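In what follows, chain A forms one complex with chain B and a second complex with chain C.
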Partner chain A sequence: MTAYGFDWAAVVRGLPYLLEGAGLTVVISSIAMVLAVLLGLALAAIAQAPGHLARRLVAAYVEAFRNTPLLIQIFIVYFGLPQLGLKLSPFLSGLAALVLYAAAYNTEIFRAGMEAVPQGQFEAARSAGLGELQILRYVIVPQAVRISFPALGNNLVSLVKNSSLVSTIGMVELMFVANDISFNNFRTFEIYGAAAVIYVVIVLTLTRLLRAAEGRLLRAPA
Partner chain B sequence: MSLIRRSILAALATALIATLTAPAGAQSTLETVRKRGKLIAGVKTDFPPFGTVDAAGRNVGFDVDVAHRFARALFNDENQVELVAVTSGNRIPFLQSSKIDVIIATVTITDERRQVVEFSDPYFMSGSLILVPKASAVKSLDDLGGKTVAVIQGAIQDKDVEQLQPNANRLKFGKVSEAVLALKGGRADAYVHDDIVILSLARENADLKAVGKTFVPRPYGIAVRKGDTEFINWVNAELRRMHTDGTYERLWKKYFADVEQFLLRP
Partner chain C sequence: MRVEIVVQTLPYLVRGTLSTVGIALAVIVVGTAAGVALGLLRFGPWRWVGALVAWLVELVRAVPLLLLMFFIFFGLPALAIKIPTFPAAVLAMSLWMAVNTAEVVRGGIQSIPRGQFEAARSIGLSELQAMSYVIFPQAVRRMIPPFVGLCTILIKDTSLAAIIGVFELTRAAQETIERTFRSFEVYLTAAAIYFVICFPLTRFAQRAEARLLRP
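So, the complex of A and B:
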């Protein structure tokens, strides 16, 4: 029953492997982020279409993916879909689940942003002779994105951290590597601690980038 | 602002260091267990026939019976044991962080693990076997070059396959059930694990079969925290009693009778 003796050399030994895992975390999160933003924006715009159908379909998608654990979605895509004949690679399985999950939140974030654009803007745009798509493209979306930005940033940070769940389907990202190392050298505190620090670095970099992007958005003319 | 932040950080760091450097427990595990009135044992839930969960949600298996036997020896009541589900990956961290008192969960005794836990005398001999789909042409490790081989993260086969068949592409999962799903879904060409679990899985799944000759046999041991000689001596004495009073033989017949010819006696 001795005190836990730290072995920081274990971190040094594991660092190249941890960074390799961090690389995949960055890659899968980045791709998922871009796709989830585009999908969320598209679905929020579709939900603005006249009539109930589009809005209901988008709402059904949002509720389905927002109200179930991401881990279940990952398992359904990776283990479940092959039984129905659709076998995506582990990378695509993880990516698809991350995108669908994050995009559900993004849809709500953008929808709220669009609905926050004052009604007068629509009327002004219409009386200026713009068509519906032009209104969306030049008037509504630019303003909605600015309004949505802080909430969007939070969701993208969650996305990076949630990407750790794809470790369960054998994707060799940061969490997987941390498990892999600590399951063999049993330096749990040091290795998970190091992985946590790497996550912090990734997320801080992301939030810096988001802040810079937000600054540019706010400066840009409408 | 920065002064406040710095003093908060300093306070947090001090608290953290104090927590980490405090002795894990002044009294021995055996004493703690007796005072608590129940044993907390880490067992598998995905590893037939050593540790699984039956249709009613009860833990069953060889290791589970050993845990109950320990409870009976300690408290005269075999139900005074709390069974905690562990995996190959998390069982040793669970023990180290005192979430459990003892690991009775198919731990293969290796030199690396000896550095961090105290092992009992061997209670089972296990080698490794290969599980493949019925139609597979794979017959041995030699056929696995270039193939995708499922292994469990933290299990010895991860290293064994790396050494014995470096050309195999290892796909690692946290649980046995996930590796089996991967095999059935065609995500892996083979799954390598302890002979006993592979034989059980082959028997339970008509679409899978066990192939190969048992390789790298090694013993299983029960594990307690490093340096806890009092508790490990107690475990060893109880294991010896299980042999002399016939309990071990009864459990062997109960769980291994139908695959007995493939197994090595410890």
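So, the complex of A and C:
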């Protein structure tokens, strides 16, 4: 057994490439976050529509996507769909799977938030002469977002960490870069350690931002 | 879409499923035990231990599970600690489970009003007794929904073990596809199997949460 000599210079050499990967992690996560929040809001609103059909279809989507592994979803989009004639790039496949997975959780979070808005709010808004869409836009959604915010924040943080899975289909983000470098120079301990530090910085920054946003949201007038 | 492919490959996928269930159970036992201990340490009499645990939990929770797994499987051999794929995956997932369970425990305990603790102390219970007989039993009820949610996420995330070559459901699906080239059908079948395991747990967590909200 030979003693392992640490080579931290390997981290310095790999840093530009690692940061490039971290940049793409931030980019794909940010795009996925925006799309997943919008899709989640839209589906939660659709689920409020009268009749059972809309609610059941949304529930089927939510349960299908949050009860199956993201990794399998990524593989179905990237390896499975070409078999049906739909071929997407690694970036689009990864993005699509990340959005669909996170949006399933967001839909459920927003739906619970909307249902937590007291019934009297609907009645008051209706008696004030607002239409259904106006009620949703001005009365329900603003309150539902506040109620949902902590759970939503947790899910967005998970999204950033989950973005590491798109490395498996060859998207060159932080996890992929860490694998790429350490399989070449065998400095696995140092490089994975450095990648972990970068993830911690990204995730803790996002956590702080969300906390600040939550504070402002709660202080802002309704 | 060829249905006979699903029928032919099902026995192999079921073998993978058994391994997935085994891994998940092992991780839930080990990770939960460690997580409850970590979570409780935050409320112990030693301030600095609590602070250290809080710091460690936040740090480890910020690292993706996939990276934890790669670090343990590929990174630790650099320190002459060589762990085979199966225990490496179980270790990484248990670490993940432990820090997340610790958060659930902390949340559950903090959700109990402080007055309960003060009342317990004022009738002469020690801190340990107040925790064991008053706070923890009430907190456990509130921990159940998020804890079951955590278990579902864990079961889904056991699929990551396939990436370092552990034989479980996802790996079984990959091997099947190498032979049949029918990725759509096989992955869809694997997804359906995960669904059958996870959906009842999700339902259970929802019901438990609804029951908590009811007065």
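Operating definition for what follows: the second predicted complex is superposed on the first by the 219 of 222 C-alpha atoms of A that agree within 3 Å, B and C clash if a C-alpha of one lies under 4 Å from a C-alpha of the other, contacts with A are read in each partner's own complex, and residues count from 1 in each chain.
Please note the rule applied: a residue touches a chain if its C-beta (ideal position, glycine included) is under 8 Å from a C-beta of that chain, and two chains touch if they have at least 3 such contacts.
Quick caveat: nothing in here was measured; it's all calculated off a predicted structure.
**Q** Taking the superposition on A as described, I'd like to know which of chain B and chain C A:I76 touches: first, second, both or neither.
**A** After superposing on A, A:I76 lies in contact with chain C but is clear of chain B.
**Q** Where does A:L133 make contact in the superposed view: on chain B (first), on chain C (second), on both, or on neither?
**A** After superposition on chain A, A:L133 lies in contact with neither partner.
**Q** Return first, second, both or neither, reflecting whether A:K87 touches chain B, chain C, both chains, or no partner chain.
**A** A:K87 contacts chain B only, not chain C.
**Q** In the superposed model, does chain B or chain C contact more residues of chain A?
**A** When the residues of chain A touched by each partner are counted, C comes out ahead.
**Q** Pick one for A:T188: touches chain B only (first), chain C only (second), both, or neither.
**A** The answer is both, since A:T188 touches chain B and chain C.
**Q** Is A:T168 touching the first partner chain B, the second partner chain C, both, or neither of them?
**A** In the superposed model, A:T168 contacts both chain B and chain C.
**Q** Does the superposition put A:D180 against chain B (first), chain C (second), both, or neither?
**A** So A:D180 only meets chain B here.
**Q** Once the shared chain is lined up, is A:E63 touching chain B (first), chain C (second), both, or neither of them?
**A** second
**Q** Which parts of chain A are touched by chain B and by chain C alike?
**A** 1, 3-4, 79, 83, 168, 179, 182, 188-189
**Q** Residues of chain B touching chain A in their complex?
**A** The touching residues are 20-26, 28, 88-90, 92-93, 96-97, 112-113, 116, 153-154, 158-159, 171-174, 178, 181-182, 185-187, 225-228.
**Q** Would you tell me which residues of chain A are touching chain B in their complex?
**A** Going by the criterion above, the answer is residues 1-4, 78-79, 82-83, 87, 90, 168-170, 176, 179-180, 182-186, 188-189.
**Q** Mind pulling up the chain C residues that touch chain A in the complex?
**A** Per the touch definition, chain C meets chain A at residues 1, 58-59, 62-67, 70-71, 74-80, 152, 156-157, 159-160, 162-163, 170, 173, 177, 182-184, 187-188, 190-191, 194-195, 198-199, 202.
**Q** Where on chain A is chain C touching in the complex?
**A** Checking each residue of chain A against chain C gives 1, 3-4, 63-64, 66-73, 75-76, 79-81, 83-84, 161-162, 164-165, 167-168, 175, 178-179, 182, 187-190, 192-193, 195-196, 199-200, 203-204, 207.
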